[in-house]
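Before I ask anything, here is the structure I am working with.
Each chain gets a letter, A, B, C, D, E and F, in the order it is written, and its residues are counted from 1.
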Amino acid sequence: MFLELDGVLNGDEIARLRAIAAASRFVDGRVSNPHSEVKNNLQIDPSDAHTEEASKLMAGALFRVEDFRNFAFPRVMAPPILAKYSPGMHYGAHSDAAFLPVGQRPLRSDLSCTLFIGEPGSYDGGELSVRLGGKSVEFKGAAGSAVIYPSNTLHEVRPVASGERLVGLTFIESMIPDGVNRELLYQLNEVAALEGLKMSWDNRTRLEYVRNNLRRMWGEAG
Amino acid sequence: MFLELDGVLNGDEIARLRAIAAASRFVDGRVSNPHSEVKNNLQIDPSDAHTEEASKLMAGALFRVEDFRNFAFPRVMAPPILAKYSPGMHYGAHSDAAFLPVGQRPLRSDLSCTLFIGEPGSYDGGELSVRLGGKSVEFKGAAGSAVIYPSNTLHEVRPVASGERLVGLTFIESMIPDGVNRELLYQLNEVAALEGLKMSWDNRTRLEYVRNNLRRMWGEAG
Amino acid sequence: MFLELDGVLNGDEIARLRAIAAASRFVDGRVSNPHSEVKNNLQIDPSDAHTEEASKLMAGALFRVEDFRNFAFPRVMAPPILAKYSPGMHYGAHSDAAFLPVGQRPLRSDLSCTLFIGEPGSYDGGELSVRLGGKSVEFKGAAGSAVIYPSNTLHEVRPVASGERLVGLTFIESMIPDGVNRELLYQLNEVAALEGLKMSWDNRTRLEYVRNNLRRMWGEAG
Amino acid sequence: MFLELDGVLNGDEIARLRAIAAASRFVDGRVSNPHSEVKNNLQIDPSDAHTEEASKLMAGALFRVEDFRNFAFPRVMAPPILAKYSPGMHYGAHSDAAFLPVGQRPLRSDLSCTLFIGEPGSYDGGELSVRLGGKSVEFKGAAGSAVIYPSNTLHEVRPVASGERLVGLTFIESMIPDGVNRELLYQLNEVAALEGLKMSWDNRTRLEYVRNNLRRMWGEAG
Amino acid sequence: MFLELDGVLNGDEIARLRAIAAASRFVDGRVSNPHSEVKNNLQIDPSDAHTEEASKLMAGALFRVEDFRNFAFPRVMAPPILAKYSPGMHYGAHSDAAFLPVGQRPLRSDLSCTLFIGEPGSYDGGELSVRLGGKSVEFKGAAGSAVIYPSNTLHEVRPVASGERLVGLTFIESMIPDGVNRELLYQLNEVAALEGLKMSWDNRTRLEYVRNNLRRMWGEAG
Amino acid sequence: MFLELDGVLNGDEIARLRAIAAASRFVDGRVSNPHSEVKNNLQIDPSDAHTEEASKLMAGALFRVEDFRNFAFPRVMAPPILAKYSPGMHYGAHSDAAFLPVGQRPLRSDLSCTLFIGEPGSYDGGELSVRLGGKSVEFKGAAGSAVIYPSNTLHEVRPVASGERLVGLTFIESMIPDGVNRELLYQLNEVAALEGLKMSWDNRTRLEYVRNNLRRMWGEAG
């Protein structure tokens, strides 16, 4: 359900993203959710000169990580954007939209991703909190780490009390739309990767047969 | 299931479509259903100079109507075409094809649409009649109005006894393919639009969470 | 898709079933398919004194076989009946009914089973032939063996040219209704049974997690 | 979608039901929907001496009708009850509950049924009106006739202006829960019944193969 | 996803369950999972004189709680059993079986439930820990409280370092098998309960129409 | 399930493909399955001058065959490639990958196809063998013939003992992804094609209504 990844961004990338953030214009986050009463943050101006560079840098870093690809089965990823929370800012409980206007066709948001760019010790509050019914789970990662979580949850960013929270945000359409199916296939693929070479060829073939066919049944072409 | 829309076309558009119809060649409607024994009508010649103008005019008018977009969740719409029924003509009971060759990929026809261009008093007969098991429902709208109905029904156009029936016809592929799902989401969206602002923020968030997730589960990406 | 099982019935059981068949009344097989033009065989009279003994004997023998239970995930099995084909008899291509009136509620026939009771050398013809599109697969097993095949195929019993074909027949409602799902779960369970003990405990736990959840998703309660 | 059936009840049955209605206690219809603000009718007292006789009479009459069985694929039917609308009474727009407490397990209401017992000319108003989006379809049948309609619609009983509306009401759980699937299987079965004997045996076998397998895929066991 | 409930058991019930636990024989928890290498706990002897009393007491307490019924849509619940963890005992990561042999037909375990009977301060360790991918969520409730969690997760009971962990355990088959669907319906029902009376009757009817139909589509009869 | 087609390639095409094979470089088949321990064959070098000509020739020949289109409902076909098995070569049991990188988006392999180019008498062994549980079905067709089989099976090419096996290979993404659905629609379309003209117009319309709607329900747009 959740995937936490350390070291997605290396030191140079972190430095570059911080420099871009420092040099770029940020606008009210409500530009992309005009009717929200709970969104109170800043997003990099889409027309800013460095917006595309930052997106490409973050997208490239994520796709480099094998466990990200294994977990998310990504089909399309929205260009990641930089967001900032100054003291007092927050993003109250909300669920992510089902479809986003990305490129030529809508992207279905199956998974959401936060890339932590600032040091967690440099700001108070600002935890990403995901509700699971009555229970909440909180994330506040090291600089360069990321968390992938299901877009179909209620989640929020707690108020920042001091310092500044600088993150990258993106949304992923998966080849395996259903989250339960995706988790099962991920676990089965892990078993095959870790145990497959020890199996008899017959059983390895059986396991590959199951994995191929689950992917065929659950995966979207198109 | 059915959506009747008044005033889709304004007076100028009605006049322009009538003028185009009067000035254009029409061909046997069997060009698009060569094996039909029950289709007996006329369609504007696809190669006629004004065919595209008429299509764009009608498509634009439909997409202007908010309730059309809310009801149909349109993903792709076939270019609307003009059709004419002279006295004696009719289109016997039939179901619409599942897929139509539109543009680069087949369009799945989830919803069918008739735009009424002539005055209902100017022709006798010519009702669109949709069968619901043993019961039928009939539509003969005012000039400029439209009816949207499920493509998966048996339906017919009753014989025109006198005058001329001039209509626009199109087919819509919806983001929500299943008709029952689409109806539920439409009704839930209506509740949110009409009652959402009166709710506590928590309940409004809950309702938005349900709507986002139903759309995610039921909607087609691609 | 197919499961062939040797030695389902032991020698005593084969002898007892033959003795019952020899001592019992048989009736026209059309009693259970009155409108069939292609069924031409004999079935044991349901009211015969030994019908129930024969059913219990055959059902008990099948349920003894672990691979039968692993493959079929049986939920309910119709009482097996004895059937006979004399020279000239056959059962032309047909598909088995979806639901059979067995006990208090209809049994959905997911899998069909033939138990071979006579020696294959004692009759000419009489092969069970299952069509897979243009290709057919034939079964004529040793006495005491069985074949399990999907009820949703077209299949037939070829004409018996000489001798007598004596078989037991039954139908199984599976806990996993969909045949593709059932096959995948069967193969995955085989992998777990044959390789599980060699895996690290973590991976064995992962594999069990996948199997439990596939069974939960695909299996019918009720 | 709709099935109208004439002559479900014969003259004697109509007379007997009217006599039972005249001799029985009726109670506020809100006994079975205590929170409804739109239900304003009378239902026979469940504890009345003749309630069970009336239920059995109506259930038996419905099950006698072959087209009812073909259309509804009934698995369980709630005991039909008598309901009365005096002048001023009505039942505003509502959808039927998904599950009803009938016998030992909940009955899922897939189809609703109204049996008309009084003469339509003996009361003004009182039409059963089923909404299909913006369009409504109305039913006010002859004495002894019935209408079967989907429980998942919004429907209402229009106010009775004068006279008395006496009807039987019941709910049916179908073996084919999905209404679109049920309609397709019904139509395909009609084709087989009306054309099957004229087909080559091979094609008749193919058609039976399709029907058996659709019923297997779509039908509920349990 | 998770539901934590305070005060499910009152003081008398807690006292009675502790007394039963003190007076009853407990057996190795592997009686119900003979092949487990990670289960190391004690369960009340099924044949003990007070086992049934304890089950009924716990089941009754759970069904008294409205929010439990609203959240779980319970169809069948396994008789809750008492379990004990002495120092050093634990139950390593595992997923619950899909089907349990309860009564006359297998119960599908959709939801698992732990009832906390001992005081949390009376034992060290012993947390119920549910894995959500790489993240875990822990539960160690007050005496009398309960937690409901999805059976399709990997979860464990952490080793008890000192004291004794006394809990009740049960499994619930829900009318809404799919967890995502169940959560959506629960949230929508909450909206209706909290906001319904403030809505216009039309919108309240719409919302009820959606809820009835989601329950019809997603709910299991049988 | 299987479709065998004679005469897909005519004599000229067979001769041309043999000439291309004789003049082209072939590389180790593991280029497209680098981790396979069971693949031991040769494939035409993708960069060879004649690779594209051979692909187009084979694709064109397949699409000419009406029964191929009726059976496969092809949406996308991978460019067919030439493969060779010299003495000793084989391709052990394997299942085909669910998705192949073809063109701009992954192609889901629903059906696999072997085109036989060499004479069956010119090589010993080399049968395509498809496993159906414990039973296998073998194919070794005449030059110019083809076999279409489900990609979700375990299948193998038996060792070639002498001579050379020259075949074309391709993979088809179908508009009807589920194999059982596809088979039912194929059979129903055959009934309509062979019997439709003899039916009453009403029944022909009913049958077309069922076929259109099954195709709409089961077919993928996009």
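Following the convention adopted for this analysis, contacts are C-beta pairs under 8 Å (C-beta built on N, C-alpha and C of every residue); 3 or more make two chains touch, one makes a residue touch a chain.
Small disclaimer: the values here were computed from a predicted structure and weren't measured.
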item: Set of chains whose contacts include both chain E and chain A; value: B, C
item: Intersection of contact partners for chain B and chain D; value: E, F
item: Angle, in degrees to the nearest 5, of the Cα rotation that carries chain A onto chain B; value: 120
item: Type of chain D:chain F copy interface by residue overlap (half), same or different; value: same
item: Between chain F and chain E, distance of the C-alpha-averaged centres to the nearest whole Å; value: 51
item: Chain centre separation in whole Å, for chain E relative to chain D (CA means); value: 40
item: Contacts with 2+ other chains: residues of chain E; value: 152, 180, 209, 213, 222
item: Chain pairs that touch, as defined at the top of this document; value: A-B, A-C, A-E, A-F, B-D, B-E, B-F, C-D, C-E, C-F, D-E, D-F
item: Touch list for chain F against partner chain C, complex; value: 1-4, 71, 132-135, 137, 152, 179-180, 183
item: Of chain A, residues touching chain B in the complex; value: 37-38, 92-99, 105-110, 151-152, 154, 173, 177, 220, 222
item: Parts of chain F lying in touch with chain B, wherever the complex brings them together; value: 175, 201-202, 205, 208-209, 212-213, 215-216, 219, 221-222
item: Chain F-facing residues of chain D, complex; value: 180, 184, 187-188, 190-191, 194-195, 198-200, 203, 206-207, 209-210, 213-214, 217
